[in-house]
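Going in written order, the chains are labelled A, B, C and D, and every chain counts its residues from 1.
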Amino acid sequence: MKDESTDKGQHNTPMLDELEGGKWPSFVTGLKRLRDNQDAKYAPMMNDLLGQLEHSYEERLGFWKGGTVSVLGYGGGIIPRFSEVADKFPASKEFHTLRVMPPAGYHYSTDLLRQMCDIWEEHGSGLIAFHGQSGDIMFQGTTTEGTQKAFDALNEIGFDLGGAGPALRTAMSCVGHARCEQSCYDEVRAHRTLINAFLDEMHRPSLPYKFKFKFSGCANDCVNAIHRADFAVIGTWRDDIKIDQEKVKEHVATVGRKYTIDTVVSMCPTRAISLNDDDTLEIDNQSCVRCMHCINVMTKALSPGDDKGVSILIGGKRSLKVGDLMGTMIIPFMKLESDEDFEKLEEFGETVIEFFADNALEHERIGETIDRIGLPAFIEAVGVDPDPNMVNHPRTSSYVRTDDFDEEAEKWFARKAAEAQISAE
Amino acid sequence: MKDESTDKGQHNTPMLDELEGGKWPSFVTGLKRLRDNQDAKYAPMMNDLLGQLEHSYEERLGFWKGGTVSVLGYGGGIIPRFSEVADKFPASKEFHTLRVMPPAGYHYSTDLLRQMCDIWEEHGSGLIAFHGQSGDIMFQGTTTEGTQKAFDALNEIGFDLGGAGPALRTAMSCVGHARCEQSCYDEVRAHRTLINAFLDEMHRPSLPYKFKFKFSGCANDCVNAIHRADFAVIGTWRDDIKIDQEKVKEHVATVGRKYTIDTVVSMCPTRAISLNDDDTLEIDNQSCVRCMHCINVMTKALSPGDDKGVSILIGGKRSLKVGDLMGTMIIPFMKLESDEDFEKLEEFGETVIEFFADNALEHERIGETIDRIGLPAFIEAVGVDPDPNMVNHPRTSSYVRTDDFDEEAEKWFARKAAEAQISAE
Amino acid sequence: MNQQAEKPRMPDEVGVPDPFPYMHPVMKANYGNWDWHDRPRPGVLHHVSKSGDEIWTVRAGTQRQMDVFTIRKLCDIGDQFAEGHVRFTTRSNIEYMVSKEEMVQPLIDELQANGFPVGGTGASVSMISHTQGWLHCDIPGTDASGVVKSLMDVLYDEFVQEKMPNRVRITTSCCQINCGGQGDIAVNVQYTKPPRINHDLVANVCERPAVVARCPVAAIRPAMVNGKPSLEVDEKKCVACGACYPPCPPMQINGKEETRIAIWVGGKHSNARSKPTFHKLAVANLPNNPPHWPEVAAIVRKIVSTYKKDAKHWERMGEWIERIGWSRFFEKTGMAFTKHHLDTWTGARKTMNMSAHVHF
Amino acid sequence: MNQQAEKPRMPDEVGVPDPFPYMHPVMKANYGNWDWHDRPRPGVLHHVSKSGDEIWTVRAGTQRQMDVFTIRKLCDIGDQFAEGHVRFTTRSNIEYMVSKEEMVQPLIDELQANGFPVGGTGASVSMISHTQGWLHCDIPGTDASGVVKSLMDVLYDEFVQEKMPNRVRITTSCCQINCGGQGDIAVNVQYTKPPRINHDLVANVCERPAVVARCPVAAIRPAMVNGKPSLEVDEKKCVACGACYPPCPPMQINGKEETRIAIWVGGKHSNARSKPTFHKLAVANLPNNPPHWPEVAAIVRKIVSTYKKDAKHWERMGEWIERIGWSRFFEKTGMAFTKHHLDTWTGARKTMNMSAHVHF
């Protein structure tokens, strides 16, 4: 082992050096740039950081431990890291991360980015990630003292901490409306409306466990919401797919009949598409499940309908305790255009968070709560009526007590009558 | 209520009489024919039987209870029934059923049927079902004394009792080889080989619970084996589907292109079929899962391959305790042509039954045992190597201890090498 | 037993009989050698062997629970018009095999003249699979023969023609154990109340630990009632499955009003296209209403006619519903979707829609 | 803290910032009004608005964990060639939006000249999703940045071209918690041994009931060890998941040799065609071998190239495997199928093949 601790200069990093080759941009080269910026306050820290990292590569073990660090007024948003090998690498003995919420949809001007760089050179290590897996800008590497200063400076330019711990977490939304024709609702507005309404839950962690929102403009789900959010908002539409049959014919003429059958007709999950003998498409919209596939393939000929809105799925998470869960379809359709629509969404978000706060066990995600108490109890608690879209199919088990079936059925019929009434008006 | 018990003549059956109308053959009319056959010994029994049944229709309750009745040398095969309302309907106070195994594939000569009728008029009620849901001929309605006599007579003409209780049960096999071009193995031989090898388990019940075999010649599964058998044997093939492209063209010419795409190409579960521009079919046999659909639609143009054999699925049952289970694919392919092949099948059947006898809890079906101990433990116990066809997909949960992964992998590679060796030879 | 001298006859354990002695000669000759088939008309199959041999099969409905007179009548017809060989199908239909096409029509005529409907092939509603019910079983909640007769009367036309999108296979079961199994439509008893316990009898009749072990939700516990060992049911936990009743008849699960009928849809055994599936709850709590079960019949009819009108060729009931979506299925059939349709049993999670796939 | 007079600054809880001030003007003007798009070349998207406006997006790879110099370099390029607006994607790629087609090529040239690969669009292998690893996390078994760098070096060509059947989304995770989530290919830490407990520390560091509660298989129980309150693990039950380690660091789950890598395949987030799926185990027990993880890289490469050669257009990794069957997947990629591939977790029953569908 190299004698790093006694060497006052730069640590040897032979293993890390190996990662400077290859064509992909190298994070090691970047770290070294920071280390080598001898004027900067952070240079010694980054030298020791590289030293500790090399040590990890040698030992194949991590050497950070957690702790408690926060900024004034907030209980979360900082990931504190203290080195377990600070004796060898003293300058990086504190190496905390600030999780900062980016503009919804990740839009930046170069100007803004430069401001952020400046702040982080001043108060931190100069190492920033765009973005963490939950969507935060991660300002990585500062002392306990630097944490507050960096936050203050970022807060001054309009940025706020994201979530950590048992709290509302930073959300993500896809580029959507800003640049994507598939987008079925205003993701920026939905994202900001919901998160900004519940900031208190983010900044002062007091939920049973983490709670994440994610927003995708359509079922392509470019932010992985269904797997990775407790509350996923996915754009969809209720009316028919829009078809431009001339463009369909052009597409078939270009790629061929067989290829069209194999990549569009055969790939529709519900056999909703049929190719007519004149090379136009027949789409059975009642069978279509809004999966996006055919629209993705024929971007010019096909597009989502006009009666757009969102579906809400609840309960996605990774594997701790019960195993991975994806969100379950709870609200098949919610219109999301008018101010009232957005208010309704916010109200529903609040109901769900309150349910979670009141009913989840400690360290239990909402998906696990639903799993524990059952879907019927959950939807009743959050005031949602049963809908066939919530399930792949109705129950297959006869182990249920149905003596109140008729009363339950009456609710459905009353609801359907009321809906018919409304749509007739 | 009508005063049936004091009336020495025929019971009034106003509700049952209602079931004599309508176009479908009426079981009530049949029962009455027996009742009205005044010369026959069974007429009074059938009169009271009708009386008790009418009583059930009025009360909406059943009035039979079980008991213990058997024939000499056997512990099972009889379903004993004693009336709980024998005071009112004394002549049918005993109304036992003999479960008798039919010829494999349910073939009868009229002559044989007449012999059976004669025996059952002599010793029973004259009421016979072809067949029960497990495939037995059910000779329904006799006294404890009649049971033995009927059995003796049936046994004389070459028939034997089926299963009841915690025992090997009567099996079923589809018409298959006898009249069906889809059949991939000799169902009669498989059916008789297996059941006749384990008759002891049928006639002297000593298993933890019931155990059923079912045999279908192909994946159409005309005897519902996968859902309803503990051990399902399903015909399949390993090589390519046979295509007669001229007949394909004829088919397309007859029903049309669009219809062919919609009913064949789009309906293949694995997108293995593509329609060429010249109206021939391209089948990707490596993707084909032998579902039978395309072959069913184009009976003249397509047929199963030549390298035929069987798959074995284990663990089907209905819902008691754990909920419904279907059989799990345990042996994806077994050749079933030579005498040795049939011996191997028999050996495997024996292994599975022994495993069941030794490992199942009381009143536990083998599917539940697998569920309880896990598939890896089960296949190890019955000496079968893991195969991807056993599962829809490999595990999604990381909760498993894999430190012996490399050794397990070695087994696979060794096996594959040996197989390659064999097929190279 | 008494002073009887005769030695008792010991059984000849012959096992499963060899079918070849009873099989139609053309089938025997072409065993394993068939080439293709078609269906010249409803109720008739036409199979052609690689040898060139042909055989026509005429399928007819029976009441399954047959008196010997019915059987002999069927034999008479077989002797006169069909070469003396028959078989019964998985669904208790009878099949006559004839080796000449010209024998088909007279055979059909004779069957029909005698009240046996010819059909049940291809895309028809075949005979409903049958269980024992009040006629014979010791635990039934309803009568299978009666339900089946009532329904087949209603579905008669769909048996004798092939106008469905694909075959429709209906099952009935007279208690929740469901000997009838899965079906495109399944008409099953559904209990609605916990068992009523006759405490006086439990001690004598029931092996208590075995009964406790049978309960799928561990709702039964041993208890002393009126100083006698008996059993107690936690009614909050009990799912009214009736599993405790067979091993312990004093735990009466049936009741004149409490025993109800549920209808399930979309079970499938074949592996054609989609994998086999379990049937799913359509409607529960229908009255158990002999002798015609009109409420049940009305719903079965509605489901069948909706499927007939709406499904694509070759789609089975469940496949059709998966395509159009369960919302539309409930809408089109006029049934209600309730919280009871949301699965709560082991593995329920896997029945939830964890995707953005949605039907409108 | 000390005699400081200044009143501490209280945060301005601004929440999620409004993106419009930073958004490219063409995107702002056409917000919610786009019509269609195509991809003129790998790494470039071309979106057309209903208003007729057009925008070209050039996507380039970054190392995510960026030093300010890299960021400023990207800004320089943006100022000079791309109108000063950028965004980062879900996968930490940077996107430059330009309003004129002729700006595309110079931008690409400049990015490439500065070592930023242009690509990641359409049917390519995009940037691997990233977690923290040894660089920052307190529980990691490996280094995410290093694994990602090693793999992206190997997959570089597939990033800059669109020659895959569909997009390939790879994730890495540096412990079994898997912050990286599901992927077409997921490269995850897999622990192989139960935790080694430092009993001296447990009493002071760990809230014992909370730790006991975290274990998914109830393998942990409180115990007195050497007279101190500690915890004990039932090694027969323990599935080596590591869930006890974060709340109780003295339950060390990592080890130089014991921490291993598993590769999973067929996870999918989109709802296109098939519903979203979880990834499935391909191979476990690969060595955790910095700095290049060659064993991992070799397998990832093999999987990617097999998919590339074999899958049909638009089939994602998992869809391709489902079509050809898992047997063939293992055969073609030269990996082993073992008993560990058979699921044993809750709901395992539903992963079994309960059908006669079989691949040969």
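Just so we're on the same page, a residue touches a chain if its C-beta (ideal position, glycine included) is under 8 Å from a C-beta of that chain, and two chains touch if they have at least 3 such contacts.
According to UniProt, the chain labels map to these proteins: A, B = Sulfite reductase, dissimilatory-type subunit alpha; C, D = Sulfite reductase, dissimilatory-type beta subunit.
These figures come from a predicted structure and were not determined experimentally.
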Chain labels contacting chain B and also chain D: A, C
Contact-richer chain pair (by C-beta pairs counted) among A-C and A-D: A-D
Separation of mean Cα positions, chain C and chain A [Å, integer]: 48
Where chain A and chain D are represented by their mean Cα positions, the distance between them in whole Å: 13
Contacts with 2+ other chains: residues of chain D: 176, 178, 216, 241, 271, 275-276, 278, 312, 345-347, 349-350, 354-357
Residue numbers of chain A (touch at least two other chains): 219, 221, 226, 234, 262, 267-269, 271, 290-291, 319, 323-324, 326, 396-399
Residues of chain C defined as touching chain B within the complex: 8-24, 27-28, 31-32, 34-38, 45, 47, 55, 57, 61-72, 74-75, 78-79, 84-90, 92, 94, 97, 115-117, 129-131, 133-143, 145-146, 149-150, 152-153, 156, 176-182, 210, 213-214, 216, 241, 243, 249, 254-256, 259, 267, 269-276, 278, 288, 290-292, 312-314, 345-347
Of all residues in chain C, those that touch chain A in their complex: 176, 178, 188, 190, 192-193, 216-217, 238-241, 258, 260, 262, 266, 278-285, 312, 321-331, 335-346, 348-360
Chain B-touching residues of chain A, taken from the complex the two chains share: 256-258, 261-262, 265-268, 271, 274-277, 319, 323-324, 396-399
Touching residues (chain side chain C, partner chain D) in the complex: 271, 275-276, 347, 349-350, 354-357
Complex interface listing, chain A residues touching chain C: 219, 221, 226, 234, 236, 238-239, 269-272, 286-291, 311, 313, 325-329, 332-333, 371, 374-376, 379-380, 386-403, 405-406, 408-413, 416
